[in-house]
Structures are given as structure tokens and as C-alpha cells.
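There are two complexes below, and they share subunit A, which is joined by subunit B in the first and by subunit C in the second.
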Partner chain A sequence: MLALAAAQASAAPLTVRVVDSNGRPVNDAVVSLRSGPASRPVPTGNYSVSQKDMQFHPFVLVVPVGAKVSFPNLDPTRHHVYSFSPAKQFELKLFARDQSRSVTFDKPGVVALGCNIHDAMTAYLFVTDNQWTAKTGPNGIVRFADAPNSAGKVSVWHPYLRAKANVVERQLVASERNASFTVALRSPPMAMSDGY
Partner chain B sequence: MLRARSFSASGPVLRLLATAALTCASPALAEGTDILSSQTLSVSGTISLAATDGEESWLDGGFGKLSTSGTKNGDLRVIPMLSEANLIWQPRISWAISGTVVGTFQGGERNEAGLSEAFLTYKPMRGATTGFSARAGLMWPPVSLEHEGADWHVRDTITPSAINSWIGEEVRPVAVEGTVSSQLGEHKLTATAALFAANDTAGTLLTFRGWALHNRRTLAFNDQPLPPFEPDDVGYQAQHTHPLLDVDSGFASRPGYYAKLAWQMPVPLRVELFRYDNRADPEWVNEDLEWGWHTHFNHLGLAAELLGTKIRAQAITGRTRMGYAEGGRRWVDMRFRSAFLMLTHPVGTVGLAARIEAFDTHNRGSWWGSEYDDSGWSATLAGKRAWGPITGLLELIHVSSDNDSREGIGIDPEQSQTRLQADMRLSW
Partner chain C sequence: MATNTKRFRSLSARLTVQFALLFAVAMLGVSAALSTFIAGSASRQVESQLQSSGAVYDRLWQQRVRELQGAAQLLSRDYGFRAAVATGDTATMESALGNAAARLRVKTAFIISLDGSVHGLSDLRLAKGAETLWDPLDSGRLQGVAMIGGAPRQLVAAPVMAPNLLGWVVFAADLDEREMRSLERLSAIPLNAGVVVHDGASWKATAGAMQFDAAAGRALESHLKSRDAFEMRVDNEPSITLAKPLETLLPGNEVLLILAYPKAEALAGARKLQLALGLMTLVGLLLAAFATWRAAGRITEPLARLDHAAGRLASGEHVKVHVRGEDELARLATTFNEMSDRIEERERRITQLAFNDVLTGLPNRTMFQQQLEHVYRTASAGDSLVALHCLDLDQFKVINDTLGHPAGDALLIEAGRRIRDVARGHFVARLGGDEFVVLQTVGGDRNAIDRLAENLIEAISRPLNIDGNELMPSTSVGIAIAPADGPDGGTLLRNADLALYRAKEAGRGTFAFFEESLNRRAQDRRRLETDLRLALERGEFELFYQPLFDLESNRIGSFEALIRWNHPERGLVSPIEFIAVAEETGIIVPMGAWALQEACRQASQWPDDIRVAVNVSPVQFQRGGLNETIMQALALSRLQPNRLEIEITESVFLDGSDQILKLLHSLRSIGVRVALDDFGTGYSSLSYLQSFPFDKIKIDRSFIENILTRPGAAAIVAAITELANALGMETTAEGVEDNAQLAELRSRGCSSVQGFLFAKPMQVREVEKLFSEDRAARSVA
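So, the complex of A and B:
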């Protein structure tokens, strides 16, 4: 969860579980709750997407609007990180091991990351203005400990989710404190043979 | 009349490297330039222990399809080998231009050292939906679904398929290649086209020896031995072949081409179509009796993933012609084809691979006729595990084939070989 909510007049934990069509937990799904007026999350702490073993880590990172994200290169080779996403277009030339550059993400939206040198590298930043946003772990579960105890709308986003804009959502009634989503995922794209 | 002129590719390749070196030496180095540092140099190597039975390897003057041989009696023979060592230099001239130069030593039945690849890559910043890249120099065309990395090592097994073994030994020209890739929704299309030279002899080894399965690459300017000719056949063709050779007068006076289309679908399936034609004149010959071989082939590659199992398949069909026409047929007119299916699946930290393949050649030349046809099949099982920079592999391969040429050295045309080999690869 991005930031601890201010003390709510009426709060109750909300647990959201995301599984695929075979009932297996879905990792890296971003769950958002909209329930009444939401506070804009405040960037705190350090946010980073590293490059190690020719992959971005993590694959999905949730950050608040205004977050400054560093891109440390931990590989012994160079990376050329870029994004063409409307939420943020940038490119970073990362020269060497342990070098790091930062980018500030000032608009909400999904930012798809790539490396111009290594085409198989892919990752996603989920930039949000909603404090009730978090991503699932390997157990497919997100828990908002201080969620408003009221009706709302929960959305689930995943880069491979089979839906328009990769998002599904549904309404929650106030008494529903455990929500479950079953989503259909596309298979991850296969890396093209660009190793020549 | 024989045209006794030849042109080795060594001149153009050396000029290309010299140009790259001069560019690198310029005092006004571009942003991102890194010519020589720990990041531009790497080494890789493989030590092996192989237990092989059966006939003598083609590397030792026989018709054995593996790179190692059994004993004189065809019994099991165990040999340790320094299979290969590579020194890889990948200078970066700018963010868009880099180089790859690989020097290789290969041991085992035949020790040799030389240049594997030397090419420049141009890859500017891609657009939102379209990317462009280009390569120029000495390099393998993008055919193999089994090889990866700058040292072009085999990813999942020790021994590559017959198709990619042949690519490694006879299909590595000096080329200028361009690639455009485009993202169309969830589909990705990639088109590659290249002009090349110095590959006029491709098909020689495949015709006289037949197919083989081995991870030895032909090093630049080195030759490959041909099986012994029968006395009546001596004098037409040198007893060796240089796969990197322009037989015609003048470098690239009649360039060949290759082209590839790849389609990556939203489901985990990729289809690749590849076409190669060296456009060599079958009547070209140099003073060493190395001929132009007009070789062309079509290739289909498939890569898919299902329930965690990766499926790869390649199929090739082609034709090569050499020499003068007599009675309406060239001296050599050989059609070749091969296909394999490979499955790989991780089990814990071990990657398992299984491959089955078939291959054959059909000779209809006026000199080299159907009595030299080669056909066979092979099955391979392999396991792989990585410990940091070290990768261990264990492979069991069986190959069975029928080739009447074997009668010339007094052995049965039908032969089979089995090998168990353990490799330890180091990459640093």
C-alpha cells in the first residue's frame, strides 16, 4: 500500500484475492479501491527498478504520482531504458554497473518500460493518484488494513489481463470485506530471437 | 575452360575491422564510447568428457556424424577434451553502434583457432511501434533456434541439430543485413534482408559428407576436410572446402541474399520463414579446385510454449548444384532436407531437453549420383543446470544413418553411433 491512510472515521480491512482461470494466484496484479473521496498518496521512501541478469526488477512497481524512481544498472553490460507510454516518455542511457539515473513520474497511468539494447527486457510502472492501490504477491492477495468501511469500486490491472486496457472492475457493497477476482491472462510474449 | 581465380574473404573482413578500429581510435569519441574495458571483454569455455562408440568421425577422415569417434573397432572410447574457448570483444563505439569480435579455439579430435564472428551492429533508438537495426561483417544468418549469445553457444543441449550444425559449418557469409520490426497491436512482425558474399562453396561438405551433428563451427579462413574420394573421383574437387570463400573474380561481384520474416503472435507462438540463395555460378572454380556451388534453401522455424514446455522446430529444404552440365545435368545436383522437433521443460533447477530429427540428401548429378545419398535420424536427451557462471550439461545422443559412400572405405553403409557426454561451460 502506498501510504497509510489517515485515521478513518470508519475503517475495516479489505482483502482482495486475484486468481487466474485455473484458480492459481496471480502475482503482480495491481488492485485499486475507489471509495468516496480519496487522499492523494504522498511519495515516501525510495522507489527503484533495477536491471539485473538482463531483466528489470521488479516486473511491476506501484508508485504514487510525483515519485522519483531510480534505475540502477546492476548488470555488467549497458542498458538503454525507455518508455513511449503517454503517462511518461523518457530514455535513460545507463553506462555501467552500479550507475543509476532517476525519473520523476508526474502523471497517473501505466508506464511500459523497455531496453533498446535488450529487446526481451520488459517491466511496468503503475503510477497512481489513489492511496488505495497495491499489487499482489505470489499468493495473489492484497490487503488494505484501513480501507473505508463503505461501498466502493475495486479494479484489477495486470499487463497480461485479457480485458480492455488490461483492467477489470466491479462494485463492492459496504459489508463485503473479502473480494475475489478471477481473471483471464494472456501468456507472456515470447522473446524474439534477437541474440544474434 | 576453368576460370582459375579466387578471392578470399580475408581482405574485406580485415578492412572492416580496420575501419572499426580507426573509428574507435578517433579522439572525438562519441557519448557512450567504450572500446576496451572489463565490460567489453568476456571469455567462455567448455571442457568435456565424451564416451562414444561407432565409426570414425568425419573430422578424422571417416563418415561418422558426430565430432568424436569410437575405437578402431567401433567400441566405446572415452576422451576428455577442451572443447572450446572463446575470447569475446564487444566494443561500443556509440550508443547506436557496437562491435562483436569472437576469437575461438576448438579442441577435441581436431585442434584449431581462429575468428568466429566479426561484425558491427547499428541499433538506433526505436520508435513507439517500429524499430530498425543493421549488422555488417562476418556473422551467422538468423536461422538457428538453438544458439544464443555472442559466442553462439547451443542453449539447451551440447550437440545442435543437423540443420544448425550445417549452418555453423558452411553458412556464415560476410553480409550487410537490415532488420525492421513493427508492433501491430499484440502482433509483432520482423523483416530481415541481407546481401552477402564469400559463401560460394556452401553445400560442398553437405554433398560429399552428408549431414552431421556437432557443435564445431567453421572458423574464418579455416577449411573443413572432405571424406576421401574414390580413385575415379580424384581431380574434380579439392580434398577440403573453405566455407568462407568468394570463388568468382572480385569480391561480391555476384552477391547472394537472404531474407527472413518472423511473426510473433499474441499467443506464445512465433513463426519464422527464411530464404537463402548464394547465387554462385556452378561453373566457377579456383586454382585449388574449389568450386562455386549454387545453393539455395527455404527454412521454417517454429517456437511455442505450452504448459511450461517450450517447443521448437525447424525444417529446411534446399538444393545445391556444382560443375558443368553433362547430359542435361550438372556434375552435382543435390537436394537436401532435414527437420527436428525439440521440447524443453524445467524440472526444479534442471532444464531437460529432448530432440528428435531426420535428414536426407538426394543426389541426381551426372558425376555425383544417387549412390551417394545420405539419410538418417537422431535422438537426443540432455539436462542442464547452472551454478552462477558455470553451467553443467549431460547429453545422450544416438544417430543412425545410411550412406553408400562408406563402402569406399570398406565399411557398411548403415552405421549408428551413440555418445554420452558431460560438459562444463564457464562464462565470465
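So, the complex of A and C:
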């Protein structure tokens, strides 16, 4: 989560809650707010997507543009991490254990990560140039503590969200400080299973 | 079955039809049940074959799906392919698709990206159709049938993940003619496979060149829900059909796989079985009918034979049926045979009684007449002759009377036997009494007739011993020859009889042939008989009187009354001609009575010392009533009985009856004199003279004729005269014609004479004239 401490003259906390069609909170949904001019986030700290137990960790990672993300292989097996996403196309062949390579993401967009060896492994990097961007936790809630106290547009992205580009968005009135999104989700693709 | 009873004239036919009908009902029932079973079984079999073909298709489908799916997945996971898709490298993408399609032998392969765009299809119509697949693909349905580009296609898709979903690789196999043919080839039965789709209005065949009409479409509609086979017309042939709905990807697309089995082919086996069953039923039916007919025949055949035999028995035949086995029918047949035998025996007995003489066993008159008729019916054609021999036994009556009927019967039996022996091969019959006939069939040799007659006479005349009496029978034979001697049997027999009389006249032990003259004589005689009967009524008889001259007193002592017949045409007829006939016919009885009365009446007018002598025939004695006749004549005429003398001949005594002696004694007791006429001829038994005290013996004229020429005759006359004198009887010599005879008789001591020397028989008025002259002479004297 990006915690941008940009003092604003008129700021008020904004809480966005994302639930699925069954009313359950949606984890790993990325919520963005566009309301007036926003400052470009600055990469801070280390960003990494590790491979452990045939899984990417985390599943969804929000990074600012220009962030350098490392891909440590913690598994005893090889991994072949790739992305064909327009935001960033790369492939990393991670042979050895604990081998870590880094990639810098310099364009905003969603980067879908896969492993060419293990199809079940999927992760997403949400590369953003908007400071008001965060992902939900298990409670399905994003809270912008100092969001501008004005009308704006809130968008919700999730890799399984059933919508074009996996995004739904809504205009918020100024007074609206609690937004709730109900989204339809695809079931997670079990791409490799025969039965699909 | 009451109607059947009326309808069938034959028991066998009725049994056959009844049992055959029974068999037919049973067999047709079984046959129908089997046929239904066969048809049902065949239908079930066909349905099961269809279902299994459907199942085969299902498996094929799944196999294909798996194959395509595997291929799609393989392709979709290819890193390079994914890279090409992800980076929009269309050339690489399309070449990879083409490569995979060729490898899988599918015509169409394309990609639908997540944004709905289609890649890899140059055909715009197809591409447009492909776009509609996004929704089902997006909803996770990756295989099924869809109408793409106007044709049903089997689609299999795999998502392209890189790693998130980029789109879908889709392989499309055409459900076309080729596909259907390969499916048909895989089937165990000759299927007709096709695909039909519902275009919203009606069902249309799209593959398999299957044609069906609206009615078939409706049938299809109504059977969609059930998974069972049903019947509809496919390609103008009634077919057993299974409709399998195929999983479709697009809403509104209803696609059916049709598996049709032409009914004619499907049920051909069953039809053959049914035909065979039908044939077997028919053959069975015929066999059953035949067997029943045979069995019925075995039962009814003896009945039919009995029926037939009974019919023949009824029409008079003697029949027997062959008896087989020991059942009721056999017993019936045995009884029938016994009955038939008894009937035949009775008929034989009746025939024998009717046609045979009981005594001799020979055919009787009835049978003879039939035989004679038969001869006349058949003899006219050929040139053979039939001789009828008529026999009777001479003196049979005498033998019968003297030795008794049993002896007579024995003689008849023996005569019959002898005749039969001699006339072997010819028809012999006894007509009654001692009358026998032989019907002799003669070929060319007419002498055979004479020989047979001679043999018959010879055979009969052989001596014979009956009860110790030696008999010397003899016979005469009269012969008439058919057809010359009579136009019919009756005439022939009569003429043979005439010949027999002639033979008898000619002397016993002879035979005579019929001649026409015999017939004329017979006719004369018949006329004589008729005239005789009328003569008495018409008063044509007249008594003549011949005087008997008393040698002692030298005067007429009596007159013998002699009957004369004044025939209106023939004039005076001699008694020699008619007395025999009168005796035979019995006319002698009234004639004799008339003569007695007439003689008595006339004699009563004569002087008291003149007697009248009247001849009495033995027939008059036999017929009875003579005593009364004489009494009546005497009473009516008031003639003194001692003036009446009756003359009888020895033959009166022949039947040996005491009655006659009694009668003679009683006549004599009242004074009537009895003279024995014609003494010396015939038996001339002296025992008669001893048994009855005759008043007079009249010596036969044959002795008088010869009295001067034959010494024997004179000696006999002398002996008779002496005997008569010794017995106290008078004698009269008859037929005295000259004085020498008179002198001789006188010298022999004869009491009286009669003959032409003195007077012929004269009419009564001449007798009376004689008396008046005599009275005149006496008065003169």
C-alpha cells in the first residue's frame, strides 16, 4: 500500500468496500481514485514477487511506475517467469534456488505474470502513476485517509472481475466518503485442468 | 356343430373339418403370438442396435472432443503461440493454427480473443458466425455443436492463458457428409445417419443427404423428449429412427443426430422368420388336415364299408364285410355278417320253398314257368332248339291207391332221381302229381331228343322195390319243341301234354312228338266238352234201347238203355266218342242220372215182365249220390225196382272200397238187379264174382265174335256160363250177329243174347211199337 502523505487543504478519509455478488468481501481488488490533480507516486523500498510452493507471492502487487521488482525463487524447482503484458514484457529464467532477478516497471498498467513451466502460477503487478491506488485486504476494504474531499471517479480492478479490462468505475459525489462496489467475479481460471 | 351335422354327408369329412379347424385355431394362435413376438423382438433388437450405434457415436464424439481439446490445449499452451497471441503476431498465430488444423484433419481453426475479435478466418461469413461464440466460451462452455456459417460444426475450444485469459483457440469439425459416412461405416447395422437442425420454424437436414417430409418432422418433434426409437419416413422409406440431441453452444440452435434404419432392412430378418413361420403354419395345417383326414378315414372307413354293405344288403345282395381288429366296429361288422348270412339263408329257404318241390327237391311249376319264359326270351335269337319232355307215371294212381301215399311218394322221389340222372345238364321239374318235365336244349342233332326220351322211358321202367313190393313203373313221354310247337310257354306245355296223351294212346312206355293234328283233336275234344255240358240242358240226349233175347223163354226179356247224342250240327254222335270225355269231365254224373230217370220213366210204360238195363259208370260210384239218384228215378217212375238192372264194369271195384259193395248190396236188397258188364276183358278177377252176388254176367263181345273160330273163345264162354250157372247168375252174350253164334251160345247154356241178330238199338217209340205188335200177336194167338 502506498501511503502518500501529501497534505491537502481539504482532505477527508475515503473508504471503499468491494464485495462480490454474494456479498463476500473481495481480496486483492485494486481501488483507484481520480479526483483532480494527483501527484505521481515515488517508488520507495523493495518490491518483490517471490516464488514459493509453486505460487507467486503476493498474488497482486501495486507498484508505482519505475519501481524495480525482484523475483526471488524460493522453490527447489526452476521457474520461468514471463509477461506478455503491454505494460511490461519480459521473461526471467530462474534456475537456481534463491536466485533472484529484478525487473523495472516503467509504464503504468497491469502486468500479468506467469510461469511457463507451471501454468498454475499467476500473479499480477498493478503498475500505477496514481497515488490514490491501493488494494483490498481480506476484509475487502481500502481506506484513503487523506483523500481529496471532492467529487471523483473510483475504479476497481481485479484479475477475475467480469468486465472489460477487468475494471469497473463510478463517479463519486463530493460528500460520498464511503463507497461500496459489488462486483461479479469469474471463478479463478483452472487453466491447466483437463475438465475446463 | 348342428349346422355341420346337416352340412356334411360324410362322417369323415365332418371329423376332418372339425379337427382341422381346431388345429388351425391353435396353430394360428401360436403362430400369431410368435409372429408378434418376432416382430416385437426384432423391433427391440433394432432399437437396441440403434441405441448402441448412438452410444458408439457418443464415444466417437467424446474421443474427438478429447483429441481436439488436447490439441487445442497443447496449442494454447505453446509458449511461442502464446507470445504470438499476446503480442498480436498474427502471421505466427495463423500459421500455428493452420499447422495444428492440418495435423488434426479439421478444416477450420481460429482464435477468438477476449475482446471478441476473431483471428484466423478468412471467410467473412464464418468469421461473423465465430464471433457469436464469445459468450458461450466466456461462460466456460468449451465444446459443442453450433451453426457457424450456415452449417453445423463440432467445436472444441481451449483458452489461451498468458497467463491470464487472452482468448480461445477453437477447432471446428464439419458435421458433413463425410463425417456421417464414417459414422455409418462404424455401425454394426446399415444405418442412415444425418444431422438435422431446427431453424426456428421447422427441422432441416443439413448433413447426410437425409430427406424427410413435414409429417416426419412432426414425428421427430413429438419424440424429442423420449430417448426411444420411433418410426418415421426417412428418404421416403419408413425407418426406425433414433434422434440424439447434440450438445449445442449457441442458444436457439437445436441440432439432432438422426440414426435411421430402414424398416424393410431392419425387419427383413423378422419378415423372413415370420414368412417361415407362416409357411410352417400352413404346412403344419395341411399336415394336420391330412393326418386328421387319415385318422378320420381309419375310423370311418369301416363304417363306410358297413354303410355300403348295408345298402347292398337292402337291395338284396348277399354281402359280407371284412372284419379287422376286435373293437366295437369289428363286433358290429361280425354281427352284420351274421345277419347277412341269416337273411341269405332265409331267402334261400324261401326261394327253395317257392321254386322247389318239397318232395323231390326238383324245381316246381313256378320255377319251370320262369325257366320256360327265359327259354322263350333267349332262344329266339339262336338256332338251337329246346325240347320240352312231358312225363307221367303210368298207373301211378293205382299204385298210390293200393300201396298208400308213402309208397307213391317214394316212387315219385325215385322217379325224380332217375329223371334227373338221365337228363343231367337239362332242366328238370315236377309240375305236380306224377307229372314231370325236362327242358332239353338241343344243338344241331335232333336225334338227341329221341335218345333222351328213350333213356327216360328206360330209366323209369327199371324195377323198383318199395316196402317189399316189387313195382314195374313205366312212363310215357310227350314232346313239344320250342319255338315251333308253341308261340309261348303255356302253349308249348299244353302241346307237350297232348303229345303225352297220344303216346299213352299208342301204348305205354312210348314217346310221341306233338303234331298239329293232335292239337286239332284237342280242339275237337274241347268243343265236345262244351257241347256235352250244353247237350243235357238242351235235351240233345236220347236213350236207344237194344233188346236182350231170353233164350229159355224165347222172348225179349229186357232192354239195355243206350245213350245217343243228337248233336245239332254233327247229327247222331256215338257214345264211344263222348262217354270217355263225359267221365273225365264228370259230366257223366248228371248225364247218368238223366239216363236212369229217363229209362225208368219209359220202362214204366212197358209190360211188367220187361226189364230195363242202365249202364252206370265207375265215376258215378266215385262221386257219390248214386243211391239217391236211383231211388229218385224209381220213385218218380213208380217202376218196380226188380225191373231195373244196372250194369257195372269191374273197374268199379278198382279202388277197393267197401262203400261200393255196400251200395250194391243195398240196391240189391230193394230188388234192383246188378249185372257185371264186359266180363272177360280187363282183370276179370273171379274174386269179384265171389265178393258180390251179381244177378247177371255179360260176356264181352270179343269172345262172341270168335266163338266159332277160336276154340279158346268157345271154351271161355262155356267156362263163364258154367261158372255163372254154378253161382246162380244169369249170362248174357253180347254182340251176337248170326244164327251159328246163337246156336253155339244156346248149346253152351247161355241165358240170353243181345246183338244185331235180333235187333239194333232202337228208339223208344219203336220199342213201344214192338210191344203193341206183340200184344196184337198175343191177342191173335
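We take it that the second predicted complex is superposed on the first by the 188 of 196 C-alpha atoms of A that agree within 3 Å, B and C clash if a C-alpha of one lies under 4 Å from a C-alpha of the other, contacts with A are read in each partner's own complex, and residues count from 1 in each chain.
Everything that follows uses one rule, which is that contacts are C-beta pairs under 8 Å (C-beta built on N, C-alpha and C of every residue); 3 or more make two chains touch, one makes a residue touch a chain.
Bear in mind that the values here come from a model prediction, so they are computed numbers and not experimental data.
Participant: Looking at A:76 after the superposition, I want to know if it touches subunit B, subunit C, both of them or none. Which is it: first, second, both, neither?
Facilitator: Touch partner of A:76: subunit B, not subunit C.
Participant: Quick check on the superposed pair: does A:188 touch subunit B, subunit C, both, or neither? Answer first, second, both or neither.
Facilitator: Only subunit B is touched by A:188; subunit C is not.
Participant: Could you say whether A:67 touches subunit B, subunit C, both of them, or neither, answering first, second, both or neither?
Facilitator: A:67 contacts neither subunit B nor subunit C.
Participant: Would you check which partner chain A:168 touches, where first means subunit B only, second means subunit C only, and both and neither mean what they say?
Facilitator: In the superposition, A:168 contacts neither subunit B nor subunit C.
Participant: Mind working out whether A:84 is in touch with subunit B, subunit C, both or neither, as first, second, both or neither?
Facilitator: Once the two structures are laid over each other on A, A:84 reaches both partners.
Participant: Once chain A of both complexes is superposed, is A:122 in touch with subunit B (first), subunit C (second), both, or neither?
Facilitator: second
Participant: Looking at A:95, would you say it contacts subunit B, subunit C, both, or neither? Reply first, second, both or neither.
Facilitator: A:95 sits against subunit B, while subunit C stays out of touch.
Participant: State whether A:112 touches subunit B only (first), subunit C only (second), both chains, or neither.
Facilitator: Only subunit C is touched by A:112; subunit B is not.
Participant: Once chain A of both complexes is superposed, is A:159 in touch with subunit B (first), subunit C (second), both, or neither?
Facilitator: Only subunit C; A:159 stays clear of subunit B.
Participant: Which residues form the common part of the subunit A surface touched by subunit B and by subunit C?
Facilitator: Residues 82, 84, 116, 119, 189, 192, 196 of subunit A touch both subunit B and subunit C.
Participant: Under the definition above, what is the set of subunit B residues touching subunit A in their complex?
Facilitator: Against subunit A, the touching part of subunit B is residues 31-32, 34, 38-39, 92, 95, 123, 125-128, 131, 135, 139-140, 142, 145, 147-149, 181, 186, 188, 190, 262, 264, 266-270, 272, 303-305.
Participant: Spell out the residues on subunit A that touch subunit C in their complex, using ranges where they run on.
Facilitator: 82, 84-85, 89, 112-116, 119, 121-122, 124, 159, 164, 189, 191-192, 194, 196
Participant: Please give the residue numbers of subunit C that touch subunit A in the complex, ascending.
Facilitator: 69, 73, 77, 79, 82-83, 86-87, 115, 140, 142, 159, 161-166
Participant: Flag every residue of subunit A that touches subunit B in the complex, lowest number first.
Facilitator: 76-78, 80, 82, 84, 91, 93, 95-97, 116-117, 119, 186-190, 192-193, 195-196
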